[in-house]
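Residue numbering begins at 1 within each chain, and the chains themselves are lettered A, B, C and D in the order written.
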Amino acid sequence: MVRVQPHPFDPWMEISVLEHHHPEWSGKFGATAVFVGSLRDFNQGHQVAEMTLEHYAGMTERHLEKVSCEAMSRWNILDPLIIHRYGRLTPAEPIVLVAVWSAHRDAAFLACRYIIDELKTRAPFWKREETDAGRRWVAPE
Amino acid sequence: MVRVQPHPFDPWMEISVLEHHHPEWSGKFGATAVFVGSLRDFNQGHQVAEMTLEHYAGMTERHLEKVSCEAMSRWNILDPLIIHRYGRLTPAEPIVLVAVWSAHRDAAFLACRYIIDELKTRAPFWKREETDAGRRWVAPE
Amino acid sequence: MGTISVRYFARVREQLGKGQELIDSEGIRCVADVWRRVSGAAPSTKVLVAVNQEYAAMDHPVGTGDEVAFFPPVTGG
Amino acid sequence: MGTISVRYFARVREQLGKGQELIDSEGIRCVADVWRRVSGAAPSTKVLVAVNQEYAAMDHPVGTGDEVAFFPPVTGG
């Protein structure tokens, strides 16, 4: 499941809710791998007061759905959960959640890592920080 | 933080509670990697009705504390959370939780994977399943 | 005569001073033609391209009704 | 004269039919001596050993007051 949204979310609550909404998954997975990216208050030498995430609405969702399908075709996993914020964020807020359920831990870890890496290098999001040295676009990794 | 306990736990609630108890971590980490191992209702060709986890009380905690320290010395991470059940479990129940907080995702993923792999190969736990073909000790991976 | 929808994001949006526009598809064969028209500059390897919301190269064919987007390297996650 | 505490887990516990016992440390130099005494068998590479709750080899020295444990390969996580 893919969601791109402007409002804050609680990643641990989202996972709980999803698991409760899939009673048919119960007992079928033995491994859950999760990654949460959140906003630090310090980056590349400067205090960060807030961040604005610009995105390409439409293409973002298409891209994340595609990455999700790719992961499901490469590893034996259940439908991953991907949530990504856009708009204005303050430090400590979660930016992205990737959760992967599988029978085995290797598939869960590899698929989770694959999804977040693909998302970071290809999904059309752009971070702009407000720091103690002014406004700046975040440099790609 | 390491906990070895006979009673069930909710991994997502445990992570939430820990984060709330560490307000000084807020904004300091940008990556959280989590692994949850849970009991499947099917393993190695048979339905699993329940499982009993035997452990070496004392040595288990020592070993997990040591693995936790090793991970903190190898990667730039905050104090990991490790929770492991023992005693009787029924399918779908979480067995183990490993959660790692870090500034960067690479350290978080690598440390989380290191801890669960070390735990699986070295921590003194033994699984005995009740299956539709009778009682059996689970074979090592 | 048709139009092509062109969109700009992040630093590219700021540098061109526009978020989106419609351009006349007359004389447009590929993405590079669109870029020259809207920026007045030669194609740059620092600018990424999507055609109809899929990544594409500067030589990707473009015509009436297409949506073309230009943006810098992404920094999500 | 002192004693050594010996513990058994999982399949080893079931096979020896005991969970723990105290043995006389007289004549015990290393883990292998303990194993021969409690099992009546030669050291096996299938049995893992801990001395005072740390992994150890069959030739690890053992004496009065030590805790020695024998168990099969672990299957936690």
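Quick note on the criterion: a residue touches a chain if its C-beta (ideal position, glycine included) is under 8 Å from a C-beta of that chain, and two chains touch if they have at least 3 such contacts.
Remember, it's a predicted structure, so these values are computed and weren't measured experimentally.
Asker: For chain B, which other chain has the most distant CA centre?
Answerer: C
Asker: For chain C versus chain D, what separation do you get between their C-alpha means, in angstrom?
Answerer: 72
Asker: Please tell me the distance, in whole Å, between the geometric centres of chain B and chain D computed from their C-alpha atoms.
Answerer: Chain B and chain D have C-alpha centres separated by 27 Å.
Asker: Report the inter-chain centroid distance for chain A and chain B in whole angstrom, where each centroid is the mean of the CA atoms.
Answerer: Chain centroid spacing, chain A to chain B, equals 22 Å.
Asker: Would you give the residues of chain B that are in contact with at least 2 other chains, written as numbers and ranges?
Answerer: 37, 116
Asker: For chain D, write out the residues touching at least two other chains, lowest number first.
Answerer: Where chain D is concerned, no single residue meets two or more other chains.
Asker: Mind listing each pair of touching chains for me?
Answerer: Listed by label, chains in contact pair as A-B, A-C, B-D.
Asker: Under the touch definition given earlier, write down the residues of chain D that touch chain B in their complex.
Answerer: Residues 7, 9-11, 50, 53-55, 69, 71-77 of chain D touch chain B in their complex.
Asker: For the complex, give me every residue of chain B touching chain A.
Answerer: Result: residues 10-13, 15-16, 26-42, 91-92, 103, 105, 108-109, 113, 116 of chain B touch chain A.
Asker: Under the definition above, what is the set of chain B residues touching chain D in their complex?
Answerer: Chain B reaches chain D through residues 37, 53-56, 58-59, 62, 84, 95-96, 116, 119-128, 137-141.
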